[in-house]
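Chain lettering (A, B, C, D, E and F) follows the sequence in which the chains are written, and residue indices restart at 1 in each chain.
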């Protein structure tokens, strides 16, 4: 159920204490020479749709812009300031609370630490004023813990998993493949030009990607997330 | 050309001084008993695509959330604070400037005064730091000045034009029609509960809508906007 | 009754639920070669005094500084940032609520869109915390709808009406007249240098101005506003 | 010379490196049973006019609202938040710098510590971006150091000097006199209800006031300030 | 009792309505050629410990960074923005209120006007949300009113008292002495380079300092503050 | 070398391009029934001193207050808002840049994700204006990767390592030991009351702690950090 396709009266009638709202959020961010800028949008939208079908949940319109750190200087990355992102999410979740939702899931395709912190900080602010249950995660929080499948060590941004998942969801947007690359960032530094360490925009092993792997990953993530949400709905806290 | 489907290297290669970026922005907002919450998103996305094709322009991912005033208390309206919206637009346009765009058009499906002011204020802030050409308009800024077609007096929110245009772009989302209604707001007041004056969420004459009218309106808006953008690109200021 | 001339004890004794506070606000802004920078202050102060007399209302000290867009680069324009203006008005109206006023009118001599939005936004913020009735308007919201008198098409800033009204209220400050000018702004643009389009600072037909017209306009505006306020006081919302 | 009465072209022509701008600022604040809420506005406006005449300086429109601490809970006090006041002054002084002034004096009738800090903080912010000479003082910074006249110990808010000066400038607004009162605030406390310690709103000896004293004080303040400003104009820093 | 050395369970058990929390705050700021940057930290920590012992009060971890104005351009001064300092103090005092303290004293070693205003402003903000008793002072608010001892006129920053007190508390950190200096600031100016007026960083008579004087001053300040706090605890407001 | 014990002239003379500034930051936060609130302060101060000795670096005064999430509702936790912490660090690091440091290390004893993000965000803001090399880490970023020693799985807050390290640095502040506890947080949730899941305030195995382990951990962390900093100083980025 796409929230945006409903009318106000349908919302009024249908949304109740057990309804679940899923807010996907991505990023417009470089993803190597072979993946589109919207890579981090495609993934959570795909998962959100899958999960919503299983749970009869409401999918909110995706926020396509996120907060990017290491990729911020690449052409095509459109990053929001940390505070901007926090405010957007705070506003939207507050409005979902006003509308009557008691269960809200924020699902991010982008897994940057600052980006994820912004989402959680926004939720903490909402909890000071509203009473509802909130979950915040990246689908990569699940992806990297999948036992069922082998992931190359240090596979990351624009690497094997991401490439595979886009091959599964939007094969038309995958432009060939890319060289594997493992950046060697100086440890614990905050850098003005992190992009120097991965000029191709890749951190991982995109050449190992396959559509089958992507489909499997997508399925597992959707299943796990479905379970996690069910638990939240049943939980008292 | 959808910006989000490009890779970082394509952006680097293709974007130059004559490139045009179109940033559509909508709202998630009640639109009567017959139109979807995303009515204000569907319209500018449609126009942006039409215009981009004519101009070889780049369409940025739409911002689906806007700032709503009179509809803010309806179920399903998801409004951002004024400052939040201003910051989003400031961030995105700044990043477009960094990426090399010299011509940016912000096209809003929502035409609320405060909402439009936020967009312009954001642009004014960007101009203090970057050198580029900026246009901000609602497609309703054009729609209400079309001589070619008759629009009922005081037709507005969820009325004849909006209904017609959704009938043209997304007929599957139009759920019947609605009663005409002309709210009688007390003049110049800032109200806590403006929704009392239009409980159906309609301001206008939706029952007069037709797909043909919507198609004609969409076409005229796209043509006019194309001309306006051409003028901006050719202009020296 | 000038609020600023009262003592705290008089305020305590006299202000009650039916009292009306009028807060005039202007701008310090270029107004052509013939009108003073305070043109937008003189007009609402004049009207506020007239209306206050008719209604036994309280006139608050005027805010002489506003938010200016198109005139911002002229010498002598002293513009506040949008957020500054919003905060001032939010603070003052909140304090009026604390003092016991239930009816507050903000009357602006400057009619710029962003400026007016700031005033309304401030009021919306106050309404989240206080319970009172608020009206926000420019005297030009009334002026441009007067049927009784002929106004040249596109007369505006420093034009026929403004010049006439200053001739009526403060003839000593009118320094001759000015050439008519109709700027040809590129449509829908946010410009870094809007002043290039009206180097004389005039948009309209100042040479058509007359004291008689100004007096008539002032009178009509005061009468209409008096009626509007009476309606608000009697209204339940 | 009142800045607000000038046209933009006069400003352009006349303002140069040696021009002095005086920005008076007051407060709308209780001043006992006998003095008007605008007491702190009347005093600096009077002095500013006197000084401007001696120096051929420009008097800016007064900011009538200030930041009040101890009187904040009285009816009729209209206090701005600290940050609001800081932003107003930052904006206005920045605009004066843009307009070409190199010498700006902020003269406050209200002498509250936080209020004065806001003014200085605003100036410090402006100095980070603009190059000009700034002076910030309350006329009470001068008043309390006059050797020529005897001031009762601990005379302060709404006391002998303030009453005398209003008797000199605006005798029509002085409503009789008031009992002397010396509040006994608990030392160094930040109180929620400071007004409990001076329910009449007086701190000092208003019954000792006289028009003669007020005239003398006004004259001395104007003379001293004139000298101070001359020194600033001649100074290299 | 050092708050930071307690466990959470000790805090829960011991803090009650009569408990007193003392929050020392200093500055990292030049103090002439002979005193350490932490001069303003050493002094309130010393006093806080003395007072806490007498009153069985809790000493909070000191905030070692403050807001500096006149010394801001010296090497080694580390100033916080005004708003930053205000927010820190607001946060800490709010948390003390949450923890159950009803009596909080903020004791600052730095006595700059803007710095002190930030502390008071923070407290005023806390009082809007919490119900507790708050005291804010610099130990110099007491020092300059000691009748028992002779202080040279205009002794100030890095002068006789400060030097003496560091000689008493941390003699190991006093590196010889310094020449007396009385800066001749242009009156009421906000300067970009105030340091030009006291290039040695001294304002006063450090050569008159003695350990004995410092010990006496420390003792008197501690005694007076003890009395002031007792009064606050016993007070109803 | 403690920065705070230096004079301004010593700073001016000694600080140069190869100087290293270490800014320790902790938190005042519950740490079980056996460890003090300042546990996260003691650890980085200890390490900073060790490292500074090896490198001839400057240790800045510690910021003892941090941003706490999961412990925020315990008595004695004094959390700063995220934005407050970001602003403090931004201010201090900017001042270090002004003072001439080109190498700054922020070492945090608290390792909360949001807290660490605030530190990095502050650094990113500084890099927009200043040119210097910045490192941000928690000593736990090193601790959890030590191969030399066995750490129980899921040992964390107030657990074996933290207890051991306080036993090594400040044995006088360790009050016995505590029961092991492994909280079972519902996954990916942002909770209003996280403390319900670890009522003792412990997450880990404090009963396994030993002074020897603590000393070894402290030594390894200091050695590793020393190497990391050397690399930064030698690095070109």
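Here, contacts are C-beta pairs under 8 Å (C-beta built on N, C-alpha and C of every residue); 3 or more make two chains touch, one makes a residue touch a chain.
Since we're looking at a predicted model, the values are computed, not measured.
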Shortest contact path, chain B to chain F, counted in steps:
2
Identify the chains in contact with chain C as well as chain D, in label order.
none
If you average the CA atoms of chain C and of chain E, how many Å lie between those two points?
48
Just curious, how far off is chain E from chain D if you go by their C-alpha centres, in Å?
30
In chain B, residues with contacts to at least two other chains:
83
What is the shape of the graph in which nodes denote protein chains and edges denote touching chain pairs (line, ring, star, complete, other)?
ring
Could you spell out the chains in ring order, with the walk beginning at chain A and its first step landing on chain F?
A, F, E, D, C, B
Please output the residues of chain B touching chain C within their complex, sorted ascending.
69, 82-83, 113-114, 116-117, 120-121, 123-124, 127, 133-137, 141, 186-193, 196, 228, 231-232, 235, 237
For the complex, which residues does chain E have touching chain F?
3-12, 15, 28, 30-38, 41, 60-65, 74-81, 83-84, 87-88, 91-92, 95-96, 99-100, 173, 175, 201
